[in-house]
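Both of the next two complexes hold chain A, though its partner changes from chain B to chain C.
Moving on to the complex of A and B:
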C-alpha cells in the first residue's frame, strides 16, 4: 500500500515521539492479550491427553466430566483432573493456562471466607474478590469488555457525529440552523440520569448499553466537524471538484473527510478513555452490565465495600491508571504528529 | 383576631347544630347491646418494657429508598416503609408478644358473641386522633366503607373487607361490635379493626389516589410525621401528651422524642455514617458485617455495642418465586428440577458461614400451623437429570438443558446488592445442573413493581409475616394472571383454590390446622417456591448511649430498635449521661470495654 507522503511524515513523526509510540505498542499488546485471554487465564485446560486422544477444551462446547472418566455430567474441573492424573501417575496429562481460573468461577474454601488475599501457592496472584473469583481473570476479561465497549461506542458516535456534522457544515443554511437547535436541545438532556433511569427499569446488555450511550454521545463530534467543514469547503480544491461536476457525496466523503481526518484522529484516543471511564462508572453505580459480567466498575465497588481487602482496590486502580495513562500518551502523540506547527513539545 | 373568633364561634355553633341533627339518627333504629355480655380485659400479663426507661433524645435511622407514596392502600403503597405508618395506627386490640394473649389497645374491654363471629368492644374514652378529635365507634364503620370503596384501587382490601368482615355495629360513641362474615376460631385476629378517620377523608372520590399520595393522615399511635422532604427524609415526633402513654402495655415505651429517617441509598455509605455516629443503629445480621466489618475501632474501643438476640417467631417466606406464566415453569418437572439445581446448602456453608439456616418451606415458625414434615428439595444433580429428561429436555453443547431450540435460562430478579455473592454462587452451581441463571438487580421499588406486575421469571424476595399463615393472597387463582396482587407465582390450581377457600371458611381450629398443613404440602407439591434461608435472630450494633431492657426484646422482636410498632417496638431509650461519657472518652481517645451481648432466651430448641 502506498501512503501519501504527508501521511508517511506523520507516521514518522509519531514514531519519533517515543512515549506515545511505546504506549501504542503496550496498548496493542494489552488488547492482544485480552483477545486471547482464554489461552492464558481459564479454568479449561489447553490440551488434555486422555486414553490416547488429544482434547482442546479452550474454545467450543464444554466437555462433561464423563468423557474423562469422572462421575459427573457438568463441565470438567480440569484442576482436579490434573491432580487426579498426577496422583495416579498415569500417562494421561494436561496443560493448564498460566492462571487456571475462569472469569466466573468461584473458588470457595472450607472454613475460610472470601475475599482471599493474593497467594502464589493457590495461583491467585492478585487474590480473589468477595465470592472467590480470581482478580486477574476479572481484570483481564473486564478490560476486554471495557475496551471493546469503548471502541464500538467510538465507531458509533463518530459515524453519526461526523456524518451529521460534515453535512451541517457543507450545506449550511436552514439545514444547519435546524440541526443546531436539535443538538442544543439534545445536549441538554442529562444523559447519565437517563441511562440510570433506563437501566433501573431494564438491565441492559452490552449492545443495548452501547446504543443508549451512542444515542447521546454523537453530539460532541458534530460541533467540531461542522466548524472544520465550514473552513474547508471554502478552499479551492472543493471549488475545483465542484466545477468538475463531482457529486455532493463524492465531495463530502472523498475530498472533505480525508482533509478533516487530523481532527478526528486527535480526538479518538480521548474518546476511548472516556468510554472506558463511562462504562466503569456505570458498573460501579450498579447500572451497567448485569452481574456476574467481569467489570472494573464492579471491582471498584467491591474494593470500596471491602476496604480490608486492599488487594481488590489496589489491583483495579493500578490497572485503570495504566490503561488511562497509556491511552492519554497515545492521544498526545497523535495530536502532536498531526500538528502543522512542528515546534510543540510535550514534557 | 375578632374575625378568627367569629369563625370559630360560627363553626362551634355549626357543629352543635350538626350534632343535634345527627344524634337522633344515630340512636334511633340502632340495635342495643345484647344481654349477658361477659366483658373481658387483660391487666395481668407481664409487661416487657423497662422501669428505668427515660424519655428524650433523637433517634437517627434510615431508609434505602423514599416511599413511592404515603398512602397505605392503593397502587404502589405496599412498600416497606408503610410499616412506619401502620405501626402508628393502633387497633382495637393486640396480641401480647410473649404470651399471645389479647391485650387492650384502643378498646379497654372486649367480649365474644355466642355466634363465634361477633366481638364486642368498649373503646377507651380518652383515645384521640393526632389532630385532637376523639376516636369514636363511627371511625370503625368508616374503616369498612373506606376499605370497600372502589376509589381506593385496592382490590385486595376491597375483597378482604367484604368477604371477611360483615359489618360494624355502633351502640354508642364508645361501644361497638365487629361482625365477621363467618364464625371462626381466631376471631380476635380478624375483627380487631384499625379505625380510619372519617373526619379526615370524607367520602373517597375518584381523585383519591392522587389527592392522598403525600397527605399526613391523623393517627392514634405514639408518633406522627412532623416534617418530610421527598426523596430525602421523614421526621416523626413523639406526641408529648399521647393519650395511651400510661396504659399498662405502653408504659415506659416509645421513649425517643424524635425519629429521623434519612434516605441513604447505599448500605456501605450507611455503614460509614453509622461509624461516624450519624446513624444510631446498624443491622449486623449479615455474616460479613458481624464477623469482619465490625472489627472496627468504634466497636473495639467499646463505643458501639453488639447484640445477638434470638427470637421465636414466624419466618419470612424468603426464597425464589417462580412465575408459572413463563413457558418453562408451566411444567412441574422443570420447577422441581429448578429447585434441585439450587445449591442453597453450599451458599449457607461457604458464603454465609453457617450463620443462616435452611428454610424448609414458606411457613416456618407458625406453631401448630406449620407442617414440619416438609423438607425443601436439596441440590441433587441426578434428580435434575431425571426430571428434565422425563419432560423431553436434553443437554445442549454448552451444558444447558435444551428443548425445541429453547434453553433453560431464566432471569432472577433481586434488589439487595449484598445478596449478589449468594446468587453468583447459586448461578455457578446451577450451571453444573444445566440451568442458566441470569442475574438482574433492580432498585427495590422497581423490583417489587416488576414482581407485582408479574413480569419476572424468578423473584428473589421474602414476604413479611403475620400471626397465622396467609395463603389466599399468594396462592389463590383469583389473584393469578393479573397485576398488583401478591400471587407472584401465578398459582392457578383448582385443588389449591378449594383448600384455600376451605381454610378461609373453616370454623374449627383443628380443621384449620389440618388445612394449613395440607396447603403447605400442596405448595411443596406444586413447587413454585424454592425456600432459601431463615434467620431466627436479630443482630445489631448500636451506640452505647442507647439502652435496652434487661430482656432486650420479646419472642416476636424482629428489630430491637424499632421505634414504633405497638406489639414489640419502642422498648429502647436514650441515656444522656452515657452519651456525654462516651463523647468524653472518644475525645480523650480512651478505650472502653467492648460489649457483645448474646441472648438465647427464646432460641428455638432443636
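Moving on to the complex of A and C:
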C-alpha cells in the first residue's frame, strides 16, 4: 500500500511519541493475548496423551470422560484427570493451560465458601469471585468482550455519524436545521435510562446491545463531522474542484472525506475507551449483557457489594485502569501526531 | 444579539416538545408500568409468589376488567397518547408535575428534597475544578514539555481515563473498607440529628470528601487541558509575539494579553455545567448511596415511576437548553467579536 507522504510523516511523528507508540504496542499485545485466551486460560487441557493417542481438547467438541477411561459421559474434568495420571504414574500425560480454570466454571471447595483470596497453590492468582469463578479468567474473557464490543460500536457510530454529518455540513440549509433539532432532542433523551428500560424488558445479547447503543451514540460524530465539513467546504480546493465541474459525489468522496480523516482518527481511541466504560457501567448496574457472560462491570459490582473481598475490585479496577490509560495515551499521541500546529515555547 | 437570543429562546419550544413527546411515548409502550405492577401485586397477594415479572404461563387475572379500566382511567392510560400527552403538558405548564405512582408523593416535592444535595456536590466540585484547573493549565502551558508538564500530564490523564464512579468504588474499598478513615457512603450519618454543630460539620465533611473526588476526576482533566491548549495557541499567535518583541515582559504578555483571550472557551463550558450541577451523576450517587437527583432519576426509571421520570426530564432538558443559551451569552460578553447575527 502506498501512503501519501503527509500520512507517512504523521505516522513517523506518532512513532516518535514514545508514550503513545509503546501504548499501541502494549494494546495490540493485549488484544492478541485475549484472542488466544482459550490456550492460556481454560479448564480444557492443551494436549492429552492417552493410550498412544494425542487429543487436543481446546477447540471443538467437548470430549466425554469415557474416552479417557473415566466413568462419566459429561465433559472430562482435566484437572482431576491430571491428578489421576500422576497418581497412577502411568505413561499417559496431559498439559494444562497456565491458568487451568474456565471462564464460567465455579471452583467449589468442600469446607469453604467463595470468594477465595488469591492463592498460588490453587492457581487462582487473583483469587475467585463471589461464586468461585477464577478472576483472571473472568478478566481476560471480559476484556475480549469489552474491546470487541467497543470496536464494533465505534464502527457503527462512525458510519452513521460520518454519513449524516458530512451531508449536513455540505448541503446545509433545511436539512441541516432539521437534523440539528433531531440531534438536540436525541442528546437530551437520557440514553442510559432508555437502555435500562429496554434491557429490563428484553435481556439483550451482544449485537442487540451494540445496536441499542449505536442508536444513541451516533450524535457526537455527526456533530463533529458537520463542523469539520463546514470549515473544509469553504476552502479553495473545494471551490477549484467545483469550478472544474466535479460532481457532488466526487467532491464528497474524493476531496472532503480524505481531508476529514485526521479528525476521525483522532477521535477513535477516545470512542474506544468510551465504549468500554459504557459497557462496564451498564454491567455494573446489571443492565448489560446477561449474567454468566464474563464482564468487568459485573466484577466491580461484586467487589462493591462485598468489600471485604478486596481482591475482586482491586484486580478489576487495576486492569481497567491499565487498559483505559493505554488507550488514552494512544489517543493523545495520535492527536499530537495529526495536529499540524507546532507549539511555540518562549525561553 | 437580542434577535438571536429571541430566536434561540423560541427554538427551545419545539425541542422541548420533541424530547417530552418521545419520552412520553416510550413510557406508554414499555411494559411494567403502574397498572402491570398493580396486577402483579394483586397476584402476589393472592398466590404469595413474589415476582415482579409476570410468569409466562400464568394467565390468571387477579383484577376484574372494571378494576383495570378504573386504574387506566386513574393513570390516564385510557385516552390516546397525544390526548393524554397534552393533558400532561397542560398540567406541567401550570407547575403541576403530577404524583409519583410509587410513593404517591407530589413529584415536585420529591425533586425539591433532592436538589440541595446535588447542588451541594455540584457547586463545590465546580468551584474546585475551576479554582485548580485554571492555574494548573496556565503553569502547564508556560512550562510546556518540561518535567513538571509531563508528570502532571500523566497524573491528569490517569484521572481522565478512569470514570468517576470506578474511582469512587476504589476509594471506598481503600479508605472506607480497608482503612476505615471515611464512612461507607450516604450523605450524613444515621445519628446526624443528635450531633453537635461541630460534629455535624465534621460528619458532613467526612461524607463529602470521597464523592467529591469522584465527581471532580473527569471534568478536572478536560478543563486543565482546555486551559493549557488554548493558552498555548494564543502564546503562539502573532499578537503575543508582537507584544514580546516590542519589549513587554513575558509575565505581562501572558497575563494581560494571552490569558484574557484563553478564558473564552472556559466561559463557554460554564453554561453547560449548570445542568450537570443540578442533575449530578447517578452512577456516583449509586456507588456512594447519596440520595441526590441522579439517584432519584435512576430509581424512578428502574421502578417505572413515570411521573417522576418525566418530571426530572422536564427539569433537566430545560436546564440543558438554558445552559446552552447562557454559554452563548457568556461568550458574547467575554468576546466582543462575537455578535450572533
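The criterion applied here is as follows: the second predicted complex is superposed on the first by the 336 of 347 C-alpha atoms of A that agree within 3 Å, B and C clash if a C-alpha of one lies under 4 Å from a C-alpha of the other, contacts with A are read in each partner's own complex, and residues count from 1 in each chain.
Rule of thumb we're sticking to: contacts are C-beta pairs under 8 Å (C-beta built on N, C-alpha and C of every residue); 3 or more make two chains touch, one makes a residue touch a chain.
Nothing here was measured: the structure is a model prediction, and the numbers come from that model.
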{"item": "Simultaneous placement of chain C and chain B on chain A, clash or fit", "value": "clash"}
{"item": "Chain B versus chain C as contact partner of A:327, first or second or both or neither", "value": "second"}
{"item": "Touched partner set for A:113, first chain B, second chain C, both or neither", "value": "first"}
{"item": "Partner with the higher number of touched chain A residues, chain C or chain B", "value": "C"}
{"item": "Which superposed partner A:263 touches (first chain B, second chain C, both, neither)", "value": "neither"}
{"item": "A:304 touches, of chain B and chain C: first, second, both or neither?", "value": "both"}
{"item": "Contacts of A:75 with chain B and chain C, given as first, second, both or neither", "value": "first"}
{"item": "Partner chain in contact with A:104 - chain B first, chain C second, else both or neither", "value": "first"}
{"item": "Which superposed partner A:246 touches (first chain B, second chain C, both, neither)", "value": "neither"}
{"item": "Contacts of A:314 with chain B and chain C, given as first, second, both or neither", "value": "second"}
{"item": "Partner chain in contact with A:200 - chain B first, chain C second, else both or neither", "value": "both"}
{"item": "Clash-bearing segment of chain B relative to chain C, given 21-29, 39-47, 93-101 or 147-155", "value": "147-155"}
{"item": "Contacts on chain A seen with chain B and repeated with chain C across the two complexes", "value": "200-201, 304, 308"}
{"item": "Residue ranges of chain B touching chain A (in the complex, touch as defined)", "value": "268, 287-288, 291-293, 295, 346, 350-351, 353, 381, 385, 395, 397-399, 417, 420-421, 423-425, 427-428, 431-434, 438-443, 446"}
{"item": "Chain A - residues contacting chain B, complex", "value": "60-62, 64, 72-75, 104-106, 108-110, 113-114, 130-131, 133, 200-201, 203, 286, 290-292, 304-306, 308"}
{"item": "Residue numbers on chain A that touch chain C, as the complex places them", "value": "181-182, 184-185, 188-190, 193-194, 196-197, 200-201, 273, 277, 280-281, 284-285, 300, 303-304, 307-308, 310, 313-314, 317, 320-321, 324-325, 327-329, 332, 341, 343-346"}
{"item": "Chain A-touching residues of chain C, taken from the complex the two chains share", "value": "11, 14-15, 18-19, 22-23, 26, 30-32, 144-145, 157-158, 160-163, 165-166, 169-170, 172-173, 176-178, 184, 232-233, 235-236, 241, 244, 250, 283, 286-287, 297-298, 301-302, 309, 313, 316-317, 320-321"}
